[in-house]
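In the two assemblies presented below, chain A is common to both, partnered first by chain B and then by chain C.
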Partner chain A sequence: MKSLFRPDDAPDGSALDLHRPLIRSLERRGLLRGGITLGSLVMLTGCDVKRPEAVQQALLAISRLNDKVQALLFDPNKLAPTYPASMILRPPKFNAYYDVVDVKPVNGATWRLELSGLIQDKRPWTVEDLQGLPQSSMVIKHICVEGWSYIGGWTGVTLRTFLERVGADLKAPYVAFNTADNYPSSIDMATALHPQTMLALQYGGQTLADPFGFPLRLRTATKLGYKNPKWLTSIEVTNTYPGGFWEKKGFPWFAGI
Partner chain B sequence: MRFPQPVRVGDLLHRLVLQPVESQIILGRVHAVIRDAHGNVMVVMNFGGFYGFGGRLIAVPIDAMVLLGQDMEVVAYTPEQLKTLPTYKASAETAELPDDAILKVGLAKPSH
Partner chain C sequence: MHWINAAVMMVMITSGWGIYDDDVIIHGLYFGGFFRLGDWAAWSLNWHLAGMWFFGINGLIYLIYGLATGRFLERLLPIRPKELVQTVAETLHFKIAHEDLTVYNAVQKVLYIIVILACISQALTGLSIWKPVQFSGLVTLFGGFQTARVIHFAGMVVIVGFVVVHVLLALLVPKTMWAMLAGGPRLKPAREVGVARRS
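What follows is the complex of A and B.
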């Protein structure tokens, strides 16, 4: 049966033959790419797509807008899903921007957590000091931007408890982290004060193992995996945008889930 | 060093076994963990099937394998070398390790 939507006078079939080489050269990805650069970018920003830096600036502007929208949508009282302890993956999945054989273990006995920026009490913290603060546990999903995930069980001090204890300026917009593996990172204050954002000392009820960030790492249930720096060495509370390792390479900064 | 981590034998069973390449080709699935006649701990996996099902059983030394999250990888043998391994058959000299036994297994390089 003839389709109800077929027009009475069909277009001339020769048009298809005329453009066959072009049609053959079309690929789905190429089409998407072309659509993005020539279509949306020009429309949104009016930039010159022949200049790659202009395109990059435009894309970064969109990414920053995305960050702002995500920050607006973030509900500080809404909890991410939690799971029973029986679902904890033991051991957790190792991940870093380098191979596991290049992990440099941190000496917990001499390790100190340095504080800087808008914090009243900047005395450095030892592992024992941190263990002396109220501890809590959470079983949450680690979701990587690459697409994999696993369920992990973390114990430590909520970042809110810690920031309140050291007299941090909770009105400052950023909390920045430095690590022993040179992986700077930073999060927004709303996320830092969320009940599922933690300075983790333990995994699955055991002291963190070397490849997973011993002695201290950040774990937040409301952001992608790359916002969870391991082997923390310092925390800064600041009014200046600190960026981060992947953010410098163009990854979104807010990275909420 | 691949930072061997303690893992329960029961937590290794039924894991996918992957080839350590970006495309994460599935080689098989963990069937059992055994101690062979020479006292070596071996992972018995089905190999040569589809998506970890079917194929035949082979025994791979646990030291040749690493943990990649919920999966395992064979890092010390190529798929061609695995093809040449004999088909595994349980015998009086092999013993399956209990689920609660704890082994130490190294960690895989991140897969990106």
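What follows is the complex of A and C.
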């Protein structure tokens, strides 16, 4: 069948023959120019192949600038969306820098939460002590830097309540955490005092299970997943930038959402 | 402005692929190390979040310039369906030489409008994914965090599709290359053509 796009009268073929050398030269020139342009663009990105120090430093400098912008964008009164309890994922999604089979459970009976830095009352806390503080619950979305997310329900003591109770210096810029699995992390004071930042003891109305941070983990609704350390062992309030596990490897520190 | 955009686009697309590979949307679809900017997710993310400033500022200047000078109105509109059909037919006959570089044909107009809208959508879905709590209103507009993520991915597909067609056609019509490299076609002085037409 004749193509719909073919004209009824065939064009005069000699016209093409007449101009063939011209067309060829145009094509060649165009391809050459295009090739050079494309090539230089590819090289722009190709400089990352070896990830030279200078490029890395520039990216980290912009990342630190982004941390400042993120702190400005952070609204201490803006609440993250909450969801009905029926939407809670059970069990929650496990994630750590190792596999779930490598989780080392913490003994809740002997566990203590140590305090250090700019805190007046540095006495260690037991699980029962923490259960004695006012409890609150929130059903929020957990968003991982990788892109996945799930809805989880958390119960515990808001970090603000805890920090006020122990007489922490609320003007200090950083709150740092250490954990039983050696996963240091830290957040800014504004986020620490946000009403949806919590020292969580329960998930979905039940005591935290081992893989999800028993007996105590941080849960903040305004940061990416990697800013929520599990199996907390100590809290420090400090003026010195404490960094964190993934931050040392290049991820942004503020990680606000 | 075009070349800043071209470089930024390459950075945003290839670093975006690096971030995508960490948690894929389409099961089994990975871009692989060769195509990724940043040797693992942290550096792809740093590239992406550094590139966003250049993308955003360059894009904003372009939009303001295009709207304020009336360039968009003059160049991109009107689009007549008849012209569209005619240009498609001509293109399929490999008659794609631009006689006047300052006038876009109907297909060009449609493609440019699509890619400009896709870039605006990328900026907005990007903001939604970056700050889903601070910009929770935007996230709701896009139908949730995961939907915004999928739209952000789809926007990339549209832009990559455009880039492929755009580069291929530019190579096939060689005289456009010089105009792009040098910053615009040479216009005849007004007295020669009789009308003053500035771009």
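The rule we apply is simple: the second predicted complex is superposed on the first by the 206 of 257 C-alpha atoms of A that agree within 3 Å, B and C clash if a C-alpha of one lies under 4 Å from a C-alpha of the other, contacts with A are read in each partner's own complex, and residues count from 1 in each chain.
Here is the rule we go by: a contact is a pair of C-beta atoms (placed from the backbone, for glycine too) under 8 Å apart; a residue touches a chain by one contact, two chains touch by 3 or more.
Being a predicted model, the structure only gives us computed values, none of them experimental.
When both complexes are overlaid on chain A, the residue A:Trp148 reaches chain B and chain C alike.
Touch criterion met: A:Ala96 reaches chain B, while chain C stays clear of it.
More residues of chain A lie in contact with C than with the other chain of the pair chain B and chain C. Within the superposed three-chain model, A:Ala85 lies out of touch with both chain B and chain C [touch as defined at top]. In the superposed model, A:Pro211 makes contact with chain B only, not with chain C.
Shared contact residues on chain A (touching chain B in one structure, chain C in the other): 146, 148.
Every residue of chain A that touches chain B in the complex is listed here, in rising order: 89-97, 99-101, 103, 146, 148, 150, 209-211. The residues of chain C lying in touch with chain A in their complex are 6-7, 10-11, 14, 19-20, 22-23, 25, 37-39, 41-43, 45-47, 49-50, 53, 89, 92-93, 130-134, 136, 145-146, 149, 167, 170-174, 177-178, 181.
For chain B in complex with chain A, the touching residues are 1-3, 5-8, 11, 67-70, 106-112. Considering their complex, residues 5, 7, 26-27, 29-31, 33-34, 37-38, 41-42, 44-45, 48-49, 51, 56, 58-60, 62-63, 66, 70, 73-75, 78, 80-81, 141, 143-149, 221-222, 246, 249-252, 256-257 of chain A touch chain C.
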